[in-house]
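A, B, C and D label the chains in the order they appear, each numbered from 1.
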């Protein structure tokens, strides 16, 4: 079994696409943005990515249908005034182990080489540790030029300011080593609920940077749905963890 | 050392067998079902599976005889009114690490390719977090058709409802990717004791689905035995963990 | 870097030797027995084993001299009335990760194939969770015949009695799969101090089984020394862990 | 992706250089020494080392510029009265996993073979668990001769004294196995703040051993800067950890 297995659904030609990472993380900000962009901008899924570094489970989706842990690649052609081609990566998970994170991100960048990625944007939440009013969007970038672009649209620039953990960090870091510029947009969020307001902030900054328009009306609704869905799922899993810890299946700690 | 090593005990020919997973997990529901089916239906062991991803230990069985951590493949021929051939996987453990879970399940499916598996059923417990009266059997499946079959026999369908962790999830997910349909039957269980009632529920639903008869009288007795045996074993292991943590063998945390 | 690297210090010919495992574990029972046998029976070190699965550190030994984490193979020729050849494995550590445990034990058995090991004995402590008067020696074995031999010398036989974790378990389990018989001797011990009395019990049972004589007078003294040495070392490491956790080196949790 | 990837920035010829390890660890003693030596002695960076065993993140540096996790090799030619050539390894991280530590250190030593390293010095902090007045410098070495050299300059020799964990230990241990002598200098430090005083102690002992002069005036200032920078970063990360644990992204525990 390879680090990642990619099922290509459609061979597609793209013009120096912008690569956008929006995988699940803090406050589900990235995932909310991804789901919303996919729906509103009619993104087309062209590849599915599986990995033994993902959590060892499946999800029970709507109506009892089982779903694999997955990352998905979508494309959007001719977006906005600059007629940009976009590749967006979304999904329901990230690699579980630290080295798995590196290996998966690196192999995805290997796969994307054929498209001549021009820039990378990674999206996520920045946890504040307390309730936030009027959440800001924070940013960082791989070079001064991109930092300037972020400043121009009033993204708050982080400085000497901790790490960007997971795919949002590694796509930028590994991209840098391949000579691809990138920026990160992080919506301020308490982090412990599905944060539509934070996601909206990130999405609007991204649309400014890439010069496209997007209706954010349904983001609240989407967040509400996600919240209900996840709340139930998380409750089940928490119960499972509690039971397993209290119970007598000591060497099967994480197995349901 | 390979991810799994398979000792084939008997070369067997089977007719598009149904593959049933019943490895130990929450409430030992899967394991109870497996042990009971093996005894009552005269299942024949035809392969033993070892793996360095299993817990790094042996078990002390009856009368001081040492047993390896193991997964075992059994077959049953011409079961029930539909004359089904069955392959059942049981054993005393599952892989310990997350990626080990993926690798082991995937390699077992590789091995089973020769048999042309027609369907997969995975069995386990669903922890409730509190005492259960009249435990229900919950289900999920890889496609709508199989969900319908579960509904017909009054299996409670889960929806947007967390994950199925470990072998019970991965055999279905990895099976889907190979084009094999599958379903999961999960008996509601508090999760912190050996639950014969939950196992009986799962077994009866399985027998309905596969159209065979099975006497469940001795399940209670079997649960009682398992309980006594495990209670002692777990007590020993818990003591070991307590000692080791309190003791002065810091870099040998999990070693007895 | 391979799973293990073996530096052979002396090419030696042995006559179907008995393989004895006495690596550090609960109560340092195994290690005490190993150190004592090596000294009293003039065992000769013939191979050193290193592994990246060992804890990522060195030890500061006497007078500030640095020591690698290591497993060591010793031989004893013509021991006791049966003129047995012995291979003993001792050292200052075991593999840290679960799969590392399997890989290391398996590769050591691969290396030992050349000697035609006749039997395996693994030695260790069995934690009781409370102070012990007149600690018993418990045992288990890979077959009935060996269990009988243990009974004959009044070793208490375990039954349905949890796991034997680490090298003491795996050498027996992996040995079984190679057709080599084995037994485990475990001295009852509170587990949280260096237990000379428990080690003496194990050593005397082993000498009965293998029909050799050994003076155990100095075991107390040796335990006292080990205690002083380890107490200091453990204190330092505990401080380090406390500091690191309290401190600000978050991604270097285990690094001194 | 290999265990390490080395980008060589300059081909350099060195005369049996001394290899100095000063990676981040307890009290940031090693890192402070490295940063100070690089600045004061005009060290030249000649190679960058990346690894999937490093923490799966990037850092946000000054003015929002993203930095990869990295180890860096510097050289200094003709240092001090003995005209020594020096290779110094610094950076912002160490490998995260235990076996990663071994693999990274071993591959770095492989790369350094071409330079015929004559001696190794590893630098770090030794946590005391409480405030320290007049912090001592402790030492250990791979052989008696080097221990004597440490004694001559009043380094406190450790004895039977726990482990040296991480790169500071492994470069010495793996170096020993290649026949390279080495010593460790560890500055006593409470461990929970950036300790310029401890770093100064270590640096002065090193300058005595290698017979060079270095101005330590700016060490305090450097420590102050590091403190401010890290305090902020750590606060962010701690918040993230708190949020993630409290939040509902259970399978993304370490992902921001």
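Definition applied: contacts are C-beta pairs under 8 Å (C-beta built on N, C-alpha and C of every residue); 3 or more make two chains touch, one makes a residue touch a chain.
The shown structure was predicted, so the numbers you read here are calculated from the model rather than taken from an experiment.
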| Chains in simultaneous contact with chain A and chain D | none
| note | Max Cα-centre separation from chain D goes to chain B
| If you fit chain A onto chain B using the CA atoms, what's the rotation angle, as a multiple of 5 degrees? | 90
| task | Compare the two sides of the chain B and chain C interface and say whether they are made mostly of the same residue numbers, over half shared, or of different ones. | result | different
| task | Could you grab the centroid distance between chain B and chain C? Build each centroid from C-alpha atoms only and quote it in angstrom. | result | 34
| Cα-centroid distance, chain A relative to chain C, in whole angstrom | 48
| note | For chain D, residue numbers touching 2 or more other chains are 55, 57, 96, 163, 234, 237, 251
| field | Residue ranges of chain D in contact with chain C within the complex | value | 24-28, 55, 57, 93-96, 98-99, 101-103, 106-107, 124-129, 139-144, 147, 150, 157-170, 172-173, 176-177, 182, 184, 190-194, 230-231, 234, 237-238, 241
| task | In the complex, go through chain B and note every residue touching chain C. | result | 1, 50, 52-69, 96-97, 100, 229, 232-237, 239-240, 242-244, 246-252, 254-256
